[in-house]
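Before anything else, here is the set of structures, which you'll find just below.
Two complexes, one shared chain (chain A), two partners (chain B, chain C).
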Partner chain A sequence: MLRQVAISCLLAALALPAAARTRPHYGGTLRVEIEGDPWQRTGGLARRMVLDGLTTIGPDGTVLPALAVRWTSENNDHRWQFWLRSGVHFQNDTALSSAAVEASLTASCGASCPWSAMRAAGSSVVLTADSPMPNLPALLAGDKYLIGFDADPHVGIVGTGPFAATGELNNPGVTRLVANETCWQGRPFLDSVEISSRKSIHDQWLDLSVGRADLVEVPAEQMRQAHDQRLAVVASPLVSLLALTVSDSGALSSPSLRAAIALAVDRGALSNVIFQKQGEIAASLLPAELTGYAFLFSTQRDLNKAHELRGGVAPPALTLAAEGGAAMQLAAQRIALNLRDAGFSVQVVSAGAPQHIDLTLRRLTLESSQPQCALESILRAASLPVPVTEQTPAGLYKVERAIVDTHLLIPLLYLPRAYAVGGRVRDLRLGPDGAPQLAGVALEDAP
Partner chain B sequence: MNLRQKLLLLLSLMVAVVVAAVAWTVLVRIRQVFEQRDQEETALFVSQFQREFQHRSAEVAASVGRIAASERARSIAFQLAQSGDASPYLTEAQTLAQDAQLDFLEIVGPDGNIVSSAQWPARFGYFEPIAGADQPTFLKTEDLPDASSALGIFAMRTVRRSDATGALAVRILAGKRLDQSFLADLPTAPGMQLALYRDADQVPAATQQSHLGPDMLPFEPKRLIGAAGEVSHADRYESLIRSAIRSGQQASSILYLTVRREDSVNATAIPLKNDTGVVLAVLIVAISRSGMVEAQQHIRAIAYGVAAGGVFLAILASLWIAARVSRPIERLAQAAEQVAAGNWETRVPERGHDEIGTLARSFNHMTGELVAQRDRLVQTERVAAWRELARRLAHELKNPLFPLQLTVENLVRARELPPEEFDEVFRESTQTLGMEIANLKTIIGRFSDFSRMPKPQLERIDANEALRRVAQLYFRPAARGEQEPSENLSPAFKIKCMLEIASDPLFIHVDPELLHRALSNLVLNAMDAMPQGGTLTLSAQPKGKAVELRVADTGEGLTPEECERLFTPYYTTKQHGTGLGLAIVQSVVADHQGGIAVESRVGGGATFVITLPRADGTES
Partner chain C sequence: MRFLCLLAMLASALLAQLASAAPSPWEQPAAALADQIAGILGPGQARLTMRNLSKISMDEFPAIRSLLEQDLKARGVQTSGAESANSIRVTLSENLRERLWVAEVVEGSETRVAIVHVEAGAAQPEALAGGLALRRQSLLTTTEPVLAALETGDGLVVVGPEEIVVFAHSANGWKEQNRVAIGQRKPLPRDPRSVIVLSPDGLGFEALVAGMACSGSKQPAQPEAQWTVRCRESDDPWQLTQSQRLAASSDHAENAGLTRIRAFFSTARNYFTGVVTPSVGVDLPPFYSAALLPRPDGAGLLINSIDGKVQIAETATLKLGVPTDGSSSVGLKAIAGTRDWGSDFAAFRSGCSTGTQVIASGSGEAFADSLRAYEIPAQEAIPASAPMNMDGTVTALGTAPDGKSVLAVVRRTGSQGHADSYEVDRVTASCN
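Take a look at the complex of A and B:
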């Protein structure tokens, strides 16, 4: 018995340090390096950390309350009312109000809002539209509709999120965020986050390897390389769609030509070589994980059919632009090469080129794990009309098929988002859109 | 143009022609030598450049060989053979190309498909048609992602797997771009310019079938790219480039880029062909001729200066020579003119023993002889004149003396006669003696008049009036007739006198008495010439700045010999003439700055023409 007690005590003593390691510590500064702008409206890392939405997407894809504690819909989802959480303050101690929410949402989407009218009603905001908005709560969880405002030119954007912008300009290219002590969700573990922007992937990885950075980006096409270099990579599910948006004016006003383009692209080469087998070939807008019917869309390249659809007509030279970095440019060149095989003359131009662009290679984020919401977010990002979607898989398939058959948006690949973390970072999780959720991150060596 | 000027011109022309001929010959020869040297230099530069080009090609081949032999390439080949997965090597070509400083690099798999491409990364998986056996360097037009193409020096090497089999796995096809930076990187001599002409580089090579064939596209100057960008005056290279393309051989020519000769180049066009012999581009090696042309111009300027100086000196020498040669001749000419003017005492200096000296001596000898002969002639003529005078005097005096002698002898014989008869004889004899003595006085008076011609007292008179006065003296009716010819016959000789004068006066400056005497002599001579009668015509008419007075008869006329001697003193054709009449007429006319001539033929009468200057000097 004594022997058993002694062994138990020994095991307990051994287990204590282990338990202590799993318990996060407060404090420390997380150094993050990214290629883009931390304040960009879609996918901006700092924006996600400073601002909150009315709703948020849970790990299981369900819509959860955030700044809105509850919501109701009326009139067949034409009218929505969101009740705001009480006792919430912005980082400048201004209380969250329905008027501030109304102003923020109006500034966020301008004329392209899903709703047609919005008004503050006490501690709630009411949004109405001419068409049903069944996915509005999920949409409001997206980056575009985060609540905040530009309070002070020295401070920058002010929100209710776990971190607050300091507006420090000591180090150019570095955005410093500090923990919001009065955050309604509770104080984050980290004292501060320093985000170094405009850093190349090579430099990010170098800084990570020498300990100058804690969190860096890993593009999908370099995930294998990151693994080869034994970086600790945290990858999201397939959260972005690589797609070709096709202009329905000019040379590609003919649906058959657009169909020929869709058939001419070699998705396999894009996936296997350029994106190093880290993505999934897509012919549908939504991945099979969300819908289950993605296999019904053919991903096969059919040059003969493409030639047939082109009908021997040599269209004028098309312009193709790619939004993004080197991999996107390379993918655009590959697509151009594929299209030349099908008899098209394609010139790859920069995204900001002044001339009319016929084809644009874009990476669209699936902002929700709810299929209808994800579809709507993709269509809105692609500036395509959003049809009324039925909540049944069959109805969703019908809608998606109709959209895909217009060939105005040609799905190519689903891609994940990934980050590499340093050894002192713990508990990093990625959100449903693949963005890192730094509010729950702690540092191993924090005091 | 005098002799000196002619000599000067001739000598100057000769010198100028000689200098010009020498200068031209020298300049032509210099130009030939310069151009020959320039061509040799150009050929040397081109040869050096071609060696450098081959060296660069060898460098490309060596680089590709090193890549193919590298551990990395062998590892790729091994792993490809093991896994067949080419995706991990997508960017490998770019890395290898960057390390080897190559512009083009493709890793080609065993199946001939591109595993990785540095110049066109998106071309992975596409078939590379050139991938065969190893090839030394060759030229190739490579398609690029922006739908253009580029020319490059390529080499291909096979990577042998590092495993025991050593089987062929992948090939490395790599090269360097032949472009502006390549040209700029090549070492060039001073004044050398390199340029590359490519046709239709915006057309992908796959569709560029003709390349730079004989049916090449229209020449576009902007496609001629040099180390510093577009080549100035690129259009001047068109013919040379076309020639190189057409023949497929190296072509050289001197190209004048502007109107200035120093803006010319010695250009060589080198066709760059691929392994099938198709001309892909033309490389231009242009060597400026400015240095040579400037040297030529410098030499030419010196030659022109020397020639001008030579010509100037030659002119000075010609002046001196012409003066030295022509001065004695000019002196001779002036002396000859003076001799011609009557100054027979003129002499010229005798210098030297050359022809001019001989000529001067001969001239002086000649003038000396002339003077001596003139003196002898004067002496002779003087003697002859005295003899003639003596003869005439003897002749003239002999006639009256004979009656005087007879009268005196009769008178002597008459002393024997009775006084009455003696008185009558005496009276007749004294009468005869008186008459003969008077006759002798007359003869002596004529001689005296001839020897003492009075000096003319000039007056302005009308020549018509002078003729009318003479006619009135000898033919009174004719003088009255004025304009109409008079046909009144002389009582003694039945001579018809005709007066032909103009209505306008013809003024002359003469001594009226002397002119009247001269005209009277002519009229009397004419009357003597027509013993059987005839027509005497007196006329006056203007002729130029003179007035012609004519006295014409219709007598027997004169022979040419008589005409020649007619005005000689004491020459006469009449039986009782003194021969002084016409001499007096000539003397009078000469004293009035006029002239007298006779027009006659045998049986046709004679016309004496006196020409006197008009008083008003006008010309009719």
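Take a look at the complex of A and C:
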């Protein structure tokens, strides 16, 4: 009898009208946890949500209008003029102006800007340089050149983006952002976002599992573990380049020694052991997804050739530092072992060590899915300021080949960025650089 | 009989000849790559190896190799030299945006590279769904956002977040005729919506976007005349349905009274507030979509509330031609069988079965939305067709002015090297 009642109840429940998936709801607070600083200049999650660029990059790598509605170049890309969108206001209600853009861009890069001069001209800004800047519209979409200013110490950074900083300090380590009701791109679905910073990955995953967090980070090397734990993982394409930057002074001033180092690193072991096969081994600066010709750069380890290039000479001990967390330190230890196999003496030191550092293991972000711009951003991050003027695949290949052959920047792995999300998060998309685009996110249980 | 066989063989041979005469899409890149290889190698022999890292079908691989060998031979490079010290390694490759063919030309210890760009191939034809057969016909594809669209007698009106674009038929497809800025002063919500319906006289249109109302008209006697489109700020309620005849035999003037139901839209959000005019005699919850359905004793207003429940308001006030005094006893009844529905639906008159069906978007993952037709004879939605994959997210559905088809706006999410694109599809059904 009980069984019949139970079956009847089940059938009745199935027959009842159930709620269907709806359009995204407005409202609610998204709780995000990260390891780093939400306001850091490159990749800072809060900066991305509060500030907009003059341009933005579409999924196909095309440069799209953002705060600038159009732009023109003259004099063989030496002079660029960007016209600003009208009717846009900062979150403190001041109007977007060319003077504000000029001040923001000047503050963003100081003396190391790609341009040599800039001036406000009516509702536009004009940027000029001694060398051509063919990728300037794409570069201006990068984190470094987002438009904003420090309004006052209580609020913090003010921009035109979908969320506004509140400056609330009630909960230490938590940055609270609220929806910008008058955002020129439309009010975001979420009412607010709370970002808990400097949280270890372990704590982030724990909070996600007990419902205290909605979106947490998944480092590439832990993606497999996240899948094993049945976390809902959203991963980007390959948007980071793990690479060694090589000092051309000191022990490695010899190009053949640098070439020997490039040949001695076992990229396959790095990928398989440290990064759990979640990336792709790399010998080119840009992945095949962007160029289609990455296979032209050999990823093979060749210890015999490395020994040959070293020429039997024992160079002085090299110093190797790694920027980043535990996985980067492990990777540095592994590279040191590889180099010892090739006859180099290598000491792993901390990134802030006072002595001269010959090799630095870094994770560089491909800031764009446009290959020219991605290459230029990598070169700038590696302090190799080479303007990339070539626009065809064949031309780009020549530029990339020339840079790789200097062995001042040794590509090792391409890595994705990934996040794990809770059950109430919907419509999360990652940008071209793998950053979460939270303006389009909504909550299933929003009122 | 023998003559007929001979004729058939001749005809098939002729067709094959015609097919082979069609230019191959690979001819141009093969010739360009051969040019570059011959420029590097000069006349002589070389070993040719090829591999395919692209999405080009392996069925096409032999033809591409054959073309390249012919082009190299024409430029003095013989690819049969198995003993040659020179080698050519060709890779059919691609990136997010384009196809590339890459040749690594090895002469002794030196390797030089040639790269050519290849135009992408044609899109694959779409398969039609089965069951009460839903069919879709693509009317327009654009990278500009589309909120709603309307087919007029001789054109297509497309409402975007900031502009209304009128297209006219031409020999080469749609030709843009007018582009008018809507001129909003307030920011749009993140998920902007719009409604566009024929004007009551059937000669123009009325479009509503958050906070704005636009009307379009043209001189009926002048087919080539430009449309006049005027927009103004407006908080007026939005018309819920086209001026259509839902009941098969209800071509009566009084039926038009039904179609004047309007609903207030929350301009800062993406739903109707639930306040409709004239009143349907029952308090409606906030809802995303609404459609009028013929019922045995009148009509019912089907709504999809923002909590995902599909309900119908059946009331005497919705009877055909009866004034809406709101005095009748009414109820809001839940519709079962709508678990798979998304937020958008539209009623249309296929003429099959009960005559009127509802086409609803799916509740699955947004990137693989589907449409499906349902009958709602009582308080349950009964599937009337197989789901039809829309290859994207259905962002709007609207009944055509004749009531016989539905226009769907589909957003294809940008990924794998493509920006977001929007497609306007006409969806019709045929009876089995």
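One rule holds in what follows: the second predicted complex is superposed on the first by the 424 of 447 C-alpha atoms of A that agree within 3 Å, B and C clash if a C-alpha of one lies under 4 Å from a C-alpha of the other, contacts with A are read in each partner's own complex, and residues count from 1 in each chain.
As a working rule, a residue touches a chain if its C-beta (ideal position, glycine included) is under 8 Å from a C-beta of that chain, and two chains touch if they have at least 3 such contacts.
For clarity, every value in this text was computed on a predicted model and none was experimentally measured.
The superposed arrangement places chain B and chain C next to each other on chain A without a clash.
Of the two partner chains, neither chain B nor chain C is touched by A:Phe90.
The partner of chain A that touches more of its residues, comparing chain B with chain C, is C. Residue contacts after overlaying the shared chain place A:Phe163 against neither chain B nor chain C.
In the superposition on chain A, A:Arg224 makes contact with chain B only, while chain C stays out of contact range. Shared-chain residue A:Trp184: touches chain C; no touch with chain B. Across the overlaid complexes, the C-alpha centre of chain A sees chain B and chain C at an angle of 160°, to the nearest 10. Once the two complexes are laid over each other on the shared chain, residue contacts for A:Gln276 go to chain B alone; chain C is not touched. After overlaying the two complexes on the shared chain, residue contacts for A:Leu337 are found with chain B alone; chain C is out of touch. When the two structures are aligned on their common chain, the gap between the nearest CA atoms of chain B and chain C comes to 26 Å. When the two complexes are laid over each other on chain A, chain A has no residue in contact with both chain B and chain C.
Chain C makes touch with chain A in their complex at residues 53, 91, 93-100, 102, 104, 113-115, 117, 185-192, 268-271, 288, 304, 306-310, 334-344, 363-364, 366, 413-415, 417-420.
Across the complex, chain A meets chain B through its residues 224, 266, 269, 272-274, 276-277, 330-331, 333-334, 336-337, 345, 347-348. By the touch criterion given at the top, residues 86-88, 90, 120-126, 145-147 of chain B touch chain A in their complex.
Of all residues in chain A, only 15-26, 58-62, 64, 87, 162, 181-189, 288-293, 295-296, 369, 371, 392-394, 397, 427, 429, 439-440 touch chain C in the complex they form.
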